[in-house]
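Chain lettering (A, B, C and D) follows the sequence in which the chains are written, and residue indices restart at 1 in each chain.
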Amino acid sequence: MARVANRWWGVAERGSAGRLEAFSDGVFAIAITLLILEVRVDQAPEESLAAALHHALPEIGAFAASFLQIGIMWANHHALFRLIDRVDQLLLLLNLLLLGCVSFLPLPTRLVSEHTSGVDARTAALLYGGTLTACAVGFNLVWHRAVRANLLVEGVQPAFIRDVNVRYLLGLVAYAGATLIAFASPVATVLLTVALALVFLLGPSPRSGLVRGEDH
Amino acid sequence: MARVANRWWGVAERGSAGRLEAFSDGVFAIAITLLILEVRVDQAPEESLAAALHHALPEIGAFAASFLQIGIMWANHHALFRLIDRVDQLLLLLNLLLLGCVSFLPLPTRLVSEHTSGVDARTAALLYGGTLTACAVGFNLVWHRAVRANLLVEGVQPAFIRDVNVRYLLGLVAYAGATLIAFASPVATVLLTVALALVFLLGPSPRSGLVRGEDH
Amino acid sequence: MARVANRWWGVAERGSAGRLEAFSDGVFAIAITLLILEVRVDQAPEESLAAALHHALPEIGAFAASFLQIGIMWANHHALFRLIDRVDQLLLLLNLLLLGCVSFLPLPTRLVSEHTSGVDARTAALLYGGTLTACAVGFNLVWHRAVRANLLVEGVQPAFIRDVNVRYLLGLVAYAGATLIAFASPVATVLLTVALALVFLLGPSPRSGLVRGEDH
Amino acid sequence: MARVANRWWGVAERGSAGRLEAFSDGVFAIAITLLILEVRVDQAPEESLAAALHHALPEIGAFAASFLQIGIMWANHHALFRLIDRVDQLLLLLNLLLLGCVSFLPLPTRLVSEHTSGVDARTAALLYGGTLTACAVGFNLVWHRAVRANLLVEGVQPAFIRDVNVRYLLGLVAYAGATLIAFASPVATVLLTVALALVFLLGPSPRSGLVRGEDH
């Protein structure tokens, strides 16, 4: 059935991943730019704008944190799709799940900025970290489907695949851990996820060569 | 006149469908990402954020349902335009009608999440299902115009065209049916449309070969 | 100076219009999709959703009208840029002016839907028609700059250029006329602009051949 | 480590800047189109729409000013990336910083339009000018990283690089100066930044040739 189905969707054709990546790029670009719509500077009567801006610092900080997350997730999505040559319907669905988590992020972003103390701060941080953890799950699912269904570009080394497996699993565990830390300190969850994104971008990458002969 | 008109629009030229598809991709990506703006978590005084999130579950569920619908409609639009080589002015207009229905979807999505019981729930579900049915009408119109005006890529088999005719007609009837079920149960309309989208994505495709020699 | 300046902007290079067109496509796609955010269904206490939707019909109609306008302006912008090979800084600025008018349209769209009678309806219709007239001015300015600064693709016939001159001037006059009719009937302005867009899309095009030998 | 890291991100590969530029284009296009959502025409009871529009002129002016800023920054970003062939992780991060400042602009735009007199007008103008100055810092950082890490296209002349250094430094100083003028006159800050953008677009460019032999 899969082969027949692909006649309609054309998804298993060589190069079919390009269109999905372009669509995903659009969703990332829009989600990252919509974040600012959630930042509201509410000025109480008699309050100066400077004071209102000072009160809005948590919202601006949350904007910056989520901007960084989505930006680095975009770069990561792009790195992942460098390895994927074609898609099938299930990968398409899993990628939609991932994009859904990304475009959901503006909501918990607003909640963590509105609730900075008490039990509500913890709830908000759990939702925020949970959304990022769901994104990490999405990345793992897309990657494993691509490996399982043999959708990668040609010549990717098994050692490289194992390195990416580890990298993605570590990412998932780290985000889940940062989420659980909300029970101790909600603000630590947000700061940790920022640190994780930066480590992910600037830190080391898979040690194996992508293709044969690149090893060291 | 048609030929002269095409001198301006350039629409009947080979490959002219590519630009229209890119524009449509943009509209799909934006519509799918705007959905989250409609999800509001309103916290009553004295209410915990956890309770407010619990009350917001219908909104979050409606977000997820519409996200899936637009995502799968995007994939379907892309599959359709694989078959279309060039556009004319009428197809351009019909495609605009389809995009208008897609970008209208955030409104009924909010309404179904706000009205979960009583006669208003039925009204909202009718509008929600009706919008998706209008999308299905749009897909049928674009497809039939492309066939009628001979705008397909070369070599598409008549049997494949008949299979797509049936596929699109069945889709239209199924969405219309799911809409009418709102008179019995509004929530069933939403659940059925989700199921239809998943069946459409993961289920069987046209049985005939796209081009000669692919038949089995 | 112009030649030196172009070293930085690279705008006079062959094919430089492609990037500007892609950016413009993005603005059109976003502006058309944002329109739905302006449609609000406000339900009075005790009022049924069906009645509220009935009251919202002017907003939905204005949404549809502006959706059509922006969609057809996109197609027209694309047809125009088929003729333009490269841009210079002034054309870039004039195109920004045009895009600014397009992305301003959601505001008068909301106003015409909120004010359906009295002197405010006239004000709203004047702003709505005026914005579309400003778009027509923008199209004229971009076109004339491209002709004047010799930025067209090679081989465009003088007769074709004259035909486009007339076409764009007629469009400007027609939109300005439709705007002034608001003094007699505000709703006529909106209906006339819809009719104009449809005539523009489906009606005749320049009669001369685009390139030599195409004449009839 | 850098080389190994690049295996994952693929950022140091020839032509890798293209994808980042496309993503950035998306963010610019969305940020420029979202500006209109901040323009609200609030009509007091008994007030005519014409009077309300008159009161909204500062908002519409701020919309136009920021539209111009983002449009010209887009053109400038495009001119800059004509010189950049590939990216590394740090450049990716610096470009995100720049995009973050661009997409932050709708917030100070609304604030300058809402606060037109008194000390709050000064605060708003400082934030508005400060955001644009931060954009100028972002452009400088991206440019210097590209030069330092040897990411430019081949054959760019040292004299051209020095000219761009000066150009970007002057831009930064000019925006910072326009910001400080808010202490004397907030509205002057907005007008000066508009003038700066126009001078930047229409004024002279680097005097040296981009590549050898282009000098005069």
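One rule holds in what follows: a contact is a pair of C-beta atoms (placed from the backbone, for glycine too) under 8 Å apart; a residue touches a chain by one contact, two chains touch by 3 or more.
A quick note: this is a predicted structure, and the numbers were derived from the prediction, not measured.
Novice: Using C-alpha centres only, name the chain that sits farthest from chain B.
Specialist: Taking each chain's C-alpha mean as its centre, the farthest from chain B is D.
Novice: Is the contact between copies chain A and chain B built from the same residues on both sides or from different ones, judged by whether over half of the numbers are shared?
Specialist: The interface is built from different residue numbers on each side, given that under half of them are used by both copies.
Novice: Taking each chain's centre as the mean of its CA atoms, how far is chain B from chain D in angstrom?
Specialist: Roughly 37 Å separates the two chain centres.
Novice: Could you put a whole-Å number on the gap between the CA centroids of chain B and chain C?
Specialist: 26
Novice: Can you pull out the residues of chain B that are in contact with at least two other chains?
Specialist: 26, 30, 34, 37
Novice: So how do the chains connect up here, line, ring, star, complete, or something else (other)?
Specialist: Contact pattern: a closed ring, each chain touching exactly two others.
Novice: Looking at the whole structure, which two-chain pairs count as touching?
Specialist: A-B, A-D, B-C, C-D
Novice: Which residues of chain B touch chain A once you look at their complex with the stated criterion?
Specialist: On the chain B side, the touching residues are 25-26, 28-30, 32-37, 39, 41, 48-50, 53, 63-64, 67-68, 71-72, 74-75, 78-79, 82, 164, 167, 201-207, 209-210, 214, 216.
Novice: Give the list of chain C residues in touch with chain D in this complex.
Specialist: 1, 4-10, 19, 22-23, 26-27, 30-31, 34, 37, 89-90, 92-93, 96, 99-100, 103-104, 106-107, 111, 115, 119-120, 123-124, 127
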